[in-house]
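Each structure below is given as structure tokens.
Next come two complexes, and both contain subunit A; in the first it sits with subunit B, in the second with subunit C.
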Partner chain A sequence: MNEAMHNFLSIDLLPMLAGTLAAVTCGLLGNFLVLRRLSLMGDAISHSVLPGLVMAFLITGMRSPIAMFGGAAIAGVVTVVLVELVKKLGRVEPGAAMGVVFSVLFALGVLLIERAAARQVDLDADCVLHGQLETLFWFPPGDWGQLFSFTTLSEVPRQVVTLIVMTIAAVVFVALLFKELRIAAFDPALATTLGYNAGMLHYLLMIFVAAATVASFEAVGSILVIAMLVCPAATARLLTDRLRSQIVCSVVVAGVSGIGGYVAATALPAAFGLEAVNAAGMMTVVAALLLVIAIVFAPQRGIIARRLHQRRLGRTVALDDMLAALYRLEEAGTESVDKAQLATLQRGHKADHALDQARKQLLVASVSGAIQLTEAGRAAARQIIRRHRQWERYLVDQAGFAADHVHEPAEQLEHINSAAVQRNLAAATKQASVDPHGRPVPNNNGDDDPESATH
Partner chain B sequence: MSSAPSSITNVTDEWPGWSQIFETLTFQAGFNTNLVIVGTSLLGIAAGIVGVFALLRKRALMSDALSHATLPGIGLAYLTVTALGGSARSLPVLLTGATITGVLGVVCIQLLLRHTRLREDASIGIVLSVFFGVGIVLLSVIQSMQTGTAAGLNRFIYGQTAAMSMSDAVLMGAIAMLAVAATVALLKEFALVCFNDAFATVDGWPVSFIDLLMMALVVLVTVAGLQAVGLILVVAMLIIPAVSARFWTQRLWVLVVLAALIGGASGYCGSVMSALLPRKPAGSVIVLTSGVLFAVSMVCAPQRGVIAMSIRQLRVRLRIAGEHLVEAAYEYELEHDAALQRDILRAVARRRAWPAWLGSVIVWWARQRGLIRGDSGGAIALTDAGRRDGARISRNHYLWEQYLISYADIAPSHVDWSVDQVEHVLSDALIDELEAALRKRGVEIPQFQAVRT
Partner chain C sequence: MGSVVTMSTEMLTAVPRSVLDARPEHSADSPVSVHAMTVAYHRKPVLWDVDYDAPNNKLIAIVGPNGAGKSTLIKACLGLVPRASGQVEFWGRPYKQMRARIGYVPQRESVDWDFPVSALDVVCMGRYRMVGWCRPVTKKHKHAALQCLDRVGMREYADRQISQLSGGQQQRVFLARALAQEADLYFMDEPFAGVDAATERAIVDVLRELKSSGGTVICVHHDVQTVREYFDHALLLNMRVVAAGPVDDVVTNANLHKTYGGRLTLLAEAAEAVARAGDGR
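And now, the complex of A and B:
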């Protein structure tokens, strides 16, 4: 084992592992909080476990992990119960109820810390907030063979062991109760009628959040807990609609934030000759960057994807409107128009682009500047006009619109190009052959029905 | 005053003597201390008032995100000023930085809400944690620069009135007074937007501008409170007084005054405590004081308090149970022309699942009201008033039952239980309506005799 490797193992491995484990645990649990719109419950709990921890210290007088978990779990449940009580008994709005409860509990915790400090118990509110990843240190053996021996592993700091246990517990919890958690997340009432106790599940989840907070707080601080409870799940939510893939995705995002954040906190400043910055804080920054990337680039819900979709839609509408305008002119007896006339017909649209598109798709032909519909263009236009006039018919006959108020809505509805809507529309208008203004509704076959024109 | 301790753990407090406590409480502890106490109390008043509108606009936790988002601003301002060679301890500069990122945080929440499918809770959580995380990173950078003055920035997280200089206190007090003045001047506009913003829009008020002003006041108070209460707990100063005051009143101006009083009292207690025990984080004391006031309000308030509501609820339950008793006695009398015997009463109690003690309480209640009188042998005999009541309830029961059968298509065998709950709360107007509705369906309404025949 060379020196660089040894350095990595002793200095970097454990903080990175601890941060990543905390991130993954919280990211996993956060999925259910975000879905149930309880993200801020995680925030509240991670603030209010503080008095629970300090109480546990003050009562037992030592930093035993079991007492810590006990204190934190109790504080977590007390928070949830108090928030419910204030909400129900006091009829206080949920956000305000949470704010009241967690701020009072946190204030209590800060004051209690002083009592603890007076009795020489080593506790620090700063460490609760932003953690002390940097203090995790390990003395790995000199060669690879002893890396996994019992004595070596038993020297792994307690915080890391706690986090490993917590991560396994959280994974088992979600895996075992996945079905129940899913139902409770989307439809608590259904869960109750199916015989799952949604309330119990809620408290169980909150206990796990509290436990994850405690397991994480010594190493990474509560701020990373809050960030990881929300950010990875939110990122995953933007990328997928399926719960399973959302969970996988959020865990990956959390893991990447943990490792990436640590690297960014240590290696990046070192490259500029600076000292390492706070790793827990950097992990939240990386998580936020990943979220921003998802917001911008997500395949369906991303800003770019939506913009592109809108633009495509806008172009389709412009093309549709152009074809319809040409068709109406033909109906009125004008066989062709020039470019300037077309531009005035295309209110609000970019006529040039639509015309290019139409030419490319051979929907219009221009012969020495005179633009007219081709056969294919006429067929396409007939469909649009057919939809438009059917919608007008429908709006007057079925929706009670006045005949002189239907053009504008029909102008929008005509662009809905779905076979199912088409069928229903035709049925609802009883295959009407004229629109409310007496103009013929083009039929589906392409041949002009001479009868409809006479009506 | 001395600079803040680097960590709040190295503390050994000694309680001051009574005379010192009295002096501090009554503003005799020196000009500087008084200034801090007055400033913090003013801040409490301002936060209470501004908080009312934040609460009414359902922005309690938005303010939390805002206060957390001030931390990177403080760090950035510190770094910028240090890089330019200025004095990084200048409070106005740090607070300007805080304001900028605080506002940026709120803007980010709005952007997240508008451009993604994320809900408000997730958006607030994201902004809160990420901005705070950035702040922590910046603080660690500042600490690593070892310029010696960096430790003072911690006071913005937990609040430390003891570390305030005179000019700091004056600045805080001035901002607080500005916020109070602005709120009082715009009370009518704020009230309008809070209670009916749609109407305000239609009526031609610049709603989004007024809304923005309310938010700006929240920013102002938050930033002013950073140093005294700390950014984690400043949200409590905004919302707890308002939520507590809400228990006592339904009128806006009373609400504002009460919230101001509660906020002011908390600020006063917190800063006095902090002056006596210099290293006590004032924020915690302020928040705990207002927390106690909140608990008192929630339990004791005359209308909406828990005690008052429980008493009201108990009364209603007792009345309903008593009416059930009278109804049973009436129907028994109608059928058997005799007072309700003790064993029948027991059967009624069993059907209603009344424990034995409740049974006696109910009998006591009905006798107290003059609805029944004890007969020989423990039977329940109705008085005339009781008979009238029994007839009324019995009739209500019948009307509602018939209504459910003829209008709601509920099988006659299934109506009885649900009717038991409704018959006691039917108003006279509703009964008239029921009668009219039933007549329309041709349902016969029999006479319910109130006089013994």
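And now, the complex of A and C:
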């Protein structure tokens, strides 16, 4: 083993591992909080376990993991019960109830720590917030052969062992109860009638969140815990549309945040000759950055994807409108228009784009500057006009609109070209042949004579 | 003020209990029999001393105005909301023993349709009780779920995420999920609310299918016009049972008038007063 590797193992490996395990555990459990729109509950529990911890500590007088997890689990359940009570009796929204409960319990924890400090007990409120990743050292032997021996592994710090156990427990919990957690989150009423008590599952989940909080925050602090309960799950939610893939994705995002955050906190500043920054803080920042990237770039739900979709929609509407305008002019006896006349009907870059598109798709032809519909363009326009006038008919006959109020809504509705809606519309208007203004409704085949239809 | 509160609690508990003792045992033939059931939200009575024996193998509509306690009646039967008093039996036994034979379709609005599951995933939920704790859904159950989707004409949508379905399609997925439960008694909360014509027909077909295979369906139904057409029996409800029986006998103008207005408003007023007194306002 060379020196660089030995340095990595003794200085970097454990903090990185601890941070990543905490991120993965919280990210995994966070999926169910985000789905139930209970993200704030993670925040609440991660704060309110403090009095539970201190109480367990004061009663047993030692920092045994069992006492700590017991105290945290009780605090977690108490938090959920108190939130429900405040919500019901105080008649306030859930957010307010959680806010009140966790701030009061956290404050209680701080007061209890002061009491404990008076009895010379080693507890520190600061480390609860930002953790002590940097204090995790390990002194592995110099060669690979002895690395996995019992003595070496037994020297791994307690916080890391706790986190490894907690991560395994969380993975087993979610894997075993995947179906139960899914139905309780989606449809708690049905879950309960089927015998999967949604309330019980909720408490169980909260106990796990409380335990994950305790396992994590000695090493990484509660800020990372809160961020990891929300960010990876929210990121994964934007990228996937199945719960299973969302969970896998959230774990990957949490892992990337953990490792990436640690590298960014240590190696990156070193490259610029700066001091390393708080690793847990950097992991949180990376997780938040990944969420922002997902919000902007997600394939379907991202801001850019939605903008593009809207633009495509806008262009289709502009093209439809242009074809319809040309059709109406034809009806009035104007076979062709020039660009200037067309501009009086439709303006802006959308109109220009619509004209280009129409030309490309051979829907219009321009003969020495005069623009007119082609056969294909006329057929497309007929469909649009048909929908428009059928909608007008429907709005007047069946929705009770006044005849002079239907043009605007029909302008919107004519762009819906779903076959099912069209079929129902034709049925509802009983194949009416004229619109409320007496203009003919073109038929589906394109073989009618508009003159005869006006009668 | 204290005396008023005491009175209201007594009103909710004492009366039904004494009446209950006087009632004869209900027959085990009735898929569900409700005895002297009273339910209150925040001390405000929503259902008052409801007695009802559902006839076997019928399509039954629960009809009544908004706030009449229709959904609450279903939820209280299934133990989803606590009962202030009274009891409910299914084929003469408590709910917990009969769970396997009872299906439930909640209101469509009661769930988050953005949830990351496919239509097939939702239908599979109907089989969860048969699958059992901590076990994954097997191929056999998925196959059964697919067949249920087929029965409501939604097989081709099995892999769609549920947010991509129309309201009517979502309701049909819920119906397929109920079919997947393979129950003998179904409770459906407003299955016809806000659906298109095709879905309405699909639901009616499924209801008739369920009946012909020996099942009983109890639906909260809003549309008085179609009650006679779709259902055999009706339960007219407005905090109390106004009338119950075959649709031709009970869905009459006089009963509808009683249900949707008239005398019972006084009971509603009294309930408000009880709630107000309990709040100390």
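Note that the second predicted complex is superposed on the first by the 444 of 455 C-alpha atoms of A that agree within 3 Å, B and C clash if a C-alpha of one lies under 4 Å from a C-alpha of the other, contacts with A are read in each partner's own complex, and residues count from 1 in each chain.
Heads up, the rule we're going with is that contacts are C-beta pairs under 8 Å (C-beta built on N, C-alpha and C of every residue); 3 or more make two chains touch, one makes a residue touch a chain.
Quick caveat: nothing in here was measured; it's all calculated off a predicted structure.
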| item | value |
| --- | --- |
| Room on subunit A for both subunit B and subunit C (clash or fit) | clash |
| Partner chain in contact with A:Gln246 - subunit B first, subunit C second, else both or neither | second |
| Which superposed partner A:Thr193 touches (first subunit B, second subunit C, both, neither) | second |
| Residue contacts on subunit A - larger count, subunit B or subunit C | B |
| Touching partner for A:Met322 - first (subunit B), second (subunit C), both, neither | neither |
| Subunit B versus subunit C as contact partner of A:Val337, first or second or both or neither | neither |
| Which of subunit B and subunit C A:Leu176 touches, first, second, both or neither | second |
| Touching partner for A:Ala185 - first (subunit B), second (subunit C), both, neither | second |
| Which superposed partner A:Leu111 touches (first subunit B, second subunit C, both, neither) | first |
| Contacts of A:Ile384 with subunit B and subunit C, given as first, second, both or neither | neither |
| First (subunit B), second (subunit C), both or neither touched by A:Arg237 | both |
| Where subunit C runs into subunit B (options 128-136, 146-154 or 236-244) | 236-244 |
| Residues of subunit A contacting subunit B in one complex and subunit C in the other | 37, 237 |
| Contact footprint of subunit A on subunit B as seen in their complex | 7-13, 55, 58, 60-61, 64, 112, 115-119, 121-122, 124-126, 128-130, 132-137, 139-141, 144, 154, 157-158, 232-233, 235-236, 239-240, 242-243, 246-247, 279-281, 283-288, 291, 294, 298, 304, 306, 309 |
| Subunit B partner contacts - residues on subunit A that touch it in the complex | 34, 37-40, 42-43, 47, 86, 89-93, 95-100, 103-104, 106-108, 110-111, 113-114, 117-118, 122-126, 129-130, 221, 223-224, 226-227, 229-231, 233-234, 237-238, 265, 274-278, 280-285, 287-288, 291, 295, 301, 303 |
| In the complex, subunit A residues that touch subunit C | 35, 37, 176-180, 182-183, 185-187, 189-196, 237, 240-243, 245-246, 424 |
| Interface residues, subunit C side, partner subunit A - complex | 75, 78-80, 99, 102, 104, 106, 110-112, 115-118, 121-122, 125, 128-129, 131, 133-137, 161, 163, 177, 196-197 |
